[in-house]
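Letters are used for the chains, namely A, B and C, taken in the order the chains are written, and counting of residues starts over at 1 for each.
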Amino acid sequence: MTSRAAIVDRALALYEDLDFGSVRAWCAEEGRKAAGYLPVYAPREIIHAVGMLPVGIHGGRDRLEIIRGDAFFQSYICHLPRSVIELLQSGRLDMLSAMLFPSTCDVIRNLSGMWQVLRPNLYTRYCDVPQVLEAGTGGRFWRQELETLLHGLAEVAGVTPDVEALRRSNAVYNEVRQVIRALYAARRDTPWRLPTEELYLVLRAGEVLPPEAFLQMARDYLAATAADDARPRDRVRVIVAGAFCEQPPLGLIKTIERAGCYIVDDDFLLGNRLLTADVPLDGDPLSALADTFLRHAMPSSILYEHAPDGKKRLMAQRVADARADGIIFAAPSFCDPALLDRPMLRAGAEAADIPCIAFQYSENTGQFQQFREQAGTFSDSIKLWGGQA
Amino acid sequence: MNGFVGIDLGSTTTKAVVLAEDGSILGKGITNSRSNYDLAAEVARTEAFVTARFGLLRREVERVAGAPVLDRLMRAFRVQQNLVQMRRLQALVDEEVDRGVMPGLQSPTRATLEAIFQRVEAEEEAWFAEEDPPRRSDFFRDVVGSAYTRAAEALVPDTGLSFDLFLGLWDKCIIRVENEPIGLGFADHIHTAIARLGSPPAVIEGVQRALAVELVAATTVGTGYGRARLPFPKEQIRSEILCHGLGAHAMFPNTRTVLDIGGQDTKAIQVDAAGIVTSFQMNDRCAAGCGRYLGYIADEMNIGLHELGPIAMKSTRSVKINSTCTVFAGAELRERLSLGERREDILAGLHRAVILRAMSLLARSGGIEDEFTFTGGVANNPAAVAALTRLVEENYGHRTLNISPSSIYTGALGAAMFAAGITHAGSGRAEGATS
Amino acid sequence: MTPHENVPPAPDRAPKDRSMQLQKDMIAEHFRRLEQAPETHEPVVYTFVPGNLTELVRSFGALPLLPEINALQSGMRGMSRKYIAEAEKAGHSEDVCTYVKCDIGMIKSGNIGPTGTRLPKPDLLLLSYTGCYTFMKWFELLREEYDCPAVFLHVPYQSDGRLAPEHRQYIVDQIRDKVIPALEQVTGRPYDEEKLRELLGHSRDAEDDLVAVFESAKRRPSPIDAYFGAVYYVGPIFSAFRGTPEGVAYYRALRAEVEARIAAGAGPITPSGQLDDQKYRLVVEGPPNWTSFHEFWQMFSDEGAVCVASTYTKVGGTYDFGFRHDPSDPLGTLADYCGGCYTNLSLPQRIDMLADYVREYAADGFLINSVKSCNSFSAGQLLILREVEKRTGIPGAFVESDLVDPRYFSAANIKNRLESYIQMLAARRIGSSAGGAA
């Protein structure tokens, strides 16, 4: 078993590598191909089932200098597509043989068309997740979408679509989600043993490593943290909500924690655990994967909320589940899904007397002073007055 | 003879260029833009005609009296211009003392002002008398303003009066002087200027011959951000994009791409072999990354705008700056400084960030073709030029980069060319000096 | 998304076509009925312009009400600044769509509609989610304001450049299994397919006339302005009047009016007067700005520029590429309609469409008005600009504004760009006629 420090170092190295060296090495060693996907939810099982490596493309963090990307986007569009285009145009994504664009928002949707123009020979697929939950309509639609994707990727990979392979992939990603759920539960119960700045890096590694390798890393990390003898400190327990697409810089996560908060639930890299239940391994694997999405996709800003009071109840429920003291709404600037949801989510939380603060960031935010002050004041006020300052 | 005038009404300065029929530059003038656009245009135009007259005079006077005499005459002329404005300023200040100073303090204030203005005048005379005086600003506001401040700093402390009172009087009255039409033309002051030189007959004769040449503004074309305010018919107004393209083409005939970074906006322009604009992009409505951003930074660091570049050039390790947002500039700067980053490294990063924005605009407009001409106030900043040179090399390979010391006149030159109906290279080629 | 009234206050600047008055009367009557709906018990269905199911709604005897139209009219009436401020005070971000904030602010300010009448509460929120993610959030937000049922229609995006057969079937299934039952429940009436066929026939007739109007811009001079003028023309068909006899009558009158202008060799009426001397023919991409609509239009007409085609006037349907509502396949035709709205087209399709317009309408140039509010339109427009330039060999112009937030309309900035662009076109024209200049 690898030591905890070694795991985190390895995860950090993967996180910092904007050239995706590990992906390139995998492709070279295995003689196989890789498929990228953008946030939030992409069916990685399908990519895996055709023998390709699923690679999460989460922008350029705060280290990528944007030279070509800004030429494509106006100032009022979020930062993520700039850095993704920068990665593309600088050749850093040239190891990808396919690219998936989930229906997260109109910016990512249109980015799929930009890809078609900029890389006409690359396999590009828009993943329009179903917004209706009936099996006869939404279910049939989504299964068909998954099948189209499977055939498309199989052609790219040069393989024949194989039901058994897909079943195995469903099983592997069930395990991946299980370990992620276990990590989240452990952090919720003993956040002093699992600082989010570490957990986040481990989960980021899961975006570029083959799932089997990630499983090993995540289990080792979980075991190492269980043996941690750190003691709880006087900190408040917060949920960080809204950061599901463009990822915050690591510095922001550190800033929140160092300002006196334990992050006990969050939306970071939400797609890796959007399905809250295991995909059944019997029957038709495509139907099983589609059906699990319909029945067990976590409520989030990318899916229509069918229950009239769903938005109102959501944050109170999450706070109760995570035994949190308050909520930090941290949304990327110009993020339609997060920012349009925020007034509804916040109203529901405040109606339940849950303390909230809100701020905006972008993936390349370079200064944290204002976040430090806000998060620090927030945690102090909760400690002193239970947030009723 | 006919003069064709181009006026570029920018957000910070107003420039005028006068061309002869053959396309050669007769004169150039510059003044700071003010609330009254008409007047700014008039002052710049007058200045351009003054230099045009001196241009005509040069041949005459140099022949009979030699070049040094002409320089001295020019200086005498400047002194006369400044003195007439200073006297007007003094009169306004005097009125202001009546209006705004408590009766008991009026008389000591007046006495101090008298002494201050005497010193200012003496400084002007000293500048004139000097054999080879250092270069100084062409603007009355700058020259007399700094002399006034120096004099006030020396004299006010002993009087028990408030220094701020004197600064306030200056602030109030300088704007009025700048916005009053005061005769500053060639004919207004050339005779008193000659008198300062002792009225040498050869010079008088040369001046008379130069004055005899009828110099008429045949056509005037206006451009620049404030062009809509110019009292010209529509056909005499040209967009600054077209004028910059044509002006840059005139200065450097092989120009294909032009970058102009001005105070309020940044422009990336592509021109064809004839200087006709084929494509352009301007910064979006957000002014991030324009010259003004560097202005905020200079204010924030409490140093002069012109000092930024040289300080940044000392950097050995540029700091990565992510935001060129003017709103956050101050906060980002303070945070970096508090983290212990060195000032020159932060400044180098800021310059790079400004140029990165420009690179995006250039990419939007169609890239950077050879040759590449850089104009606008920021083109005088060595750190910006260094960052641009490096980024162009990295992203487009080698490009010939042209920067003219007179690049500030690019738009006005283009406008004057439109006025003269000249749409080919050649005009102002003397302005072009490849860096 | 289209103005019906609130033609500018100054009568000399107002376009004064007869069809305008007709439209104004239709709208006034519609809002009168909406105001009285609580008494007359006519059911009210809130829905959106792109992919609206007006014929279906009407076949149940319900009245459609479109929040985007209310928002844009608030913009034209100078109310949007206040409404947006109201919504931002209530916690909405400055970064998001101002249509949404304007609508929310209007509701919070008493819900008085564009003709000064009070708007009724919805009996049903019919969310036809076509090509704009924000619509989904908009109705989630509206649902917080009203205690009424909502029904969702998911229209898949045409990312492969076509509406796939299975996507068409998905839409049909949803209309049949979800939308129709919801309408039946709210209105208390059974689905009447014959009625729906009849209304779809009206739609088809009106669409024929509308396309004739659009295509008239291929002439010189163009008898219409296909952007600023045409947002009036698409008003009835994009909103409550598709599939109605009033709609058919309006488009017949409009077409006759345009044909009369063609016969007279006359151009459209613009804020600068009747524009007969058309120096530049432009294609426009992107929605207009509504808060300074006439000022913006006048910047074009003062330069002698006429818009000959626009994409914005296709957000409620892309009829000029051949689609017509087909009474013989009522649900299938509604699915085709929803899938084909401009907002639902992929970026390569949008590039094709613009390049085709430039060629077919013999345009001198094209302009993109990029609005801050609308990522569906705006994200990727700079690539569209580059590609259309590449395909047509004609440089494009790029200006930025917003739908209804007056803080994002800088007249000086836009005028500067537009003038520069027009002058560039003029210089290029001289340059090319002189064979490459001196």
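By our rule, a contact is a pair of C-beta atoms (placed from the backbone, for glycine too) under 8 Å apart; a residue touches a chain by one contact, two chains touch by 3 or more.
On a predicted model such as this, the values are computed, not experimentally measured, just so you know.
Student: Which chain wins if you rank chains by how close their C-alpha centre is to the centre of all protein C-alpha atoms?
Tutor: Chain closest to the assembly's C-alpha mean: C.
Student: Of all the other chains, whose mean CA position lies farthest from chain A?
Tutor: So the farthest one, by centre of C-alpha atoms, is B.
Student: State the pair with the higher C-beta contact count; candidates are A-B and A-C.
Tutor: When A-C is set beside A-B, the one with more contacts is A-C.
Student: Measure off the straight-line distance from the CA centroid of chain B to the CA centroid of chain C, and report it in whole Å.
Tutor: 47
Student: Chain A to chain B: how many Å between their CA centres?
Tutor: Chain centres of chain A and chain B, defined by C-alpha means, are spaced 53 Å apart.
Student: From the mean C-alpha coordinate of chain A to that of chain C, what's the distance rounded to whole Å?
Tutor: 36
Student: Two-or-more-chain contact residues of chain A, please, as numbers and ranges.
Tutor: 71, 74
Student: Where in chain C do residues touch at least two different other chains?
Tutor: 382, 400
Student: Could you pull out the residues of chain B that touch at least 2 other chains?
Tutor: 284-285, 364
Student: Could you pull out which chain A residues touch chain B in their complex?
Tutor: Those residues of chain A that touch chain B are 62-63, 65-68, 70-71, 74-75, 364-370.
Student: Which part of chain C faces chain A closely enough to touch in the complex?
Tutor: Contact set of chain C toward chain A: 90-93, 95-97, 100, 127, 129, 132-134, 136-138, 140-141, 143-144, 147, 150, 152, 154, 156-157, 159, 166-167, 170, 173-174, 177-178, 346-348, 350-351, 370, 372, 375-376, 378-383, 387, 400.
Student: Considering the complex alone, what residue numbers of chain C touch chain B?
Tutor: Residue positions touching the partner: 382, 385-386, 389, 395, 398, 400, 408, 410, 412-413, 415-417, 419-420, 423-424, 427-428, 430-431, 436-438.
Student: Which residues of chain B touch chain A once you look at their complex with the stated criterion?
Tutor: 284-286, 288, 320-323, 328, 331-332, 335-336, 356-357, 359-361, 363-364, 391, 395
Student: Taking the complex as given, what residues does chain B use to touch chain C?
Tutor: My answer: residues 225, 228, 238-242, 272-282, 284-285, 364, 366, 423-424.
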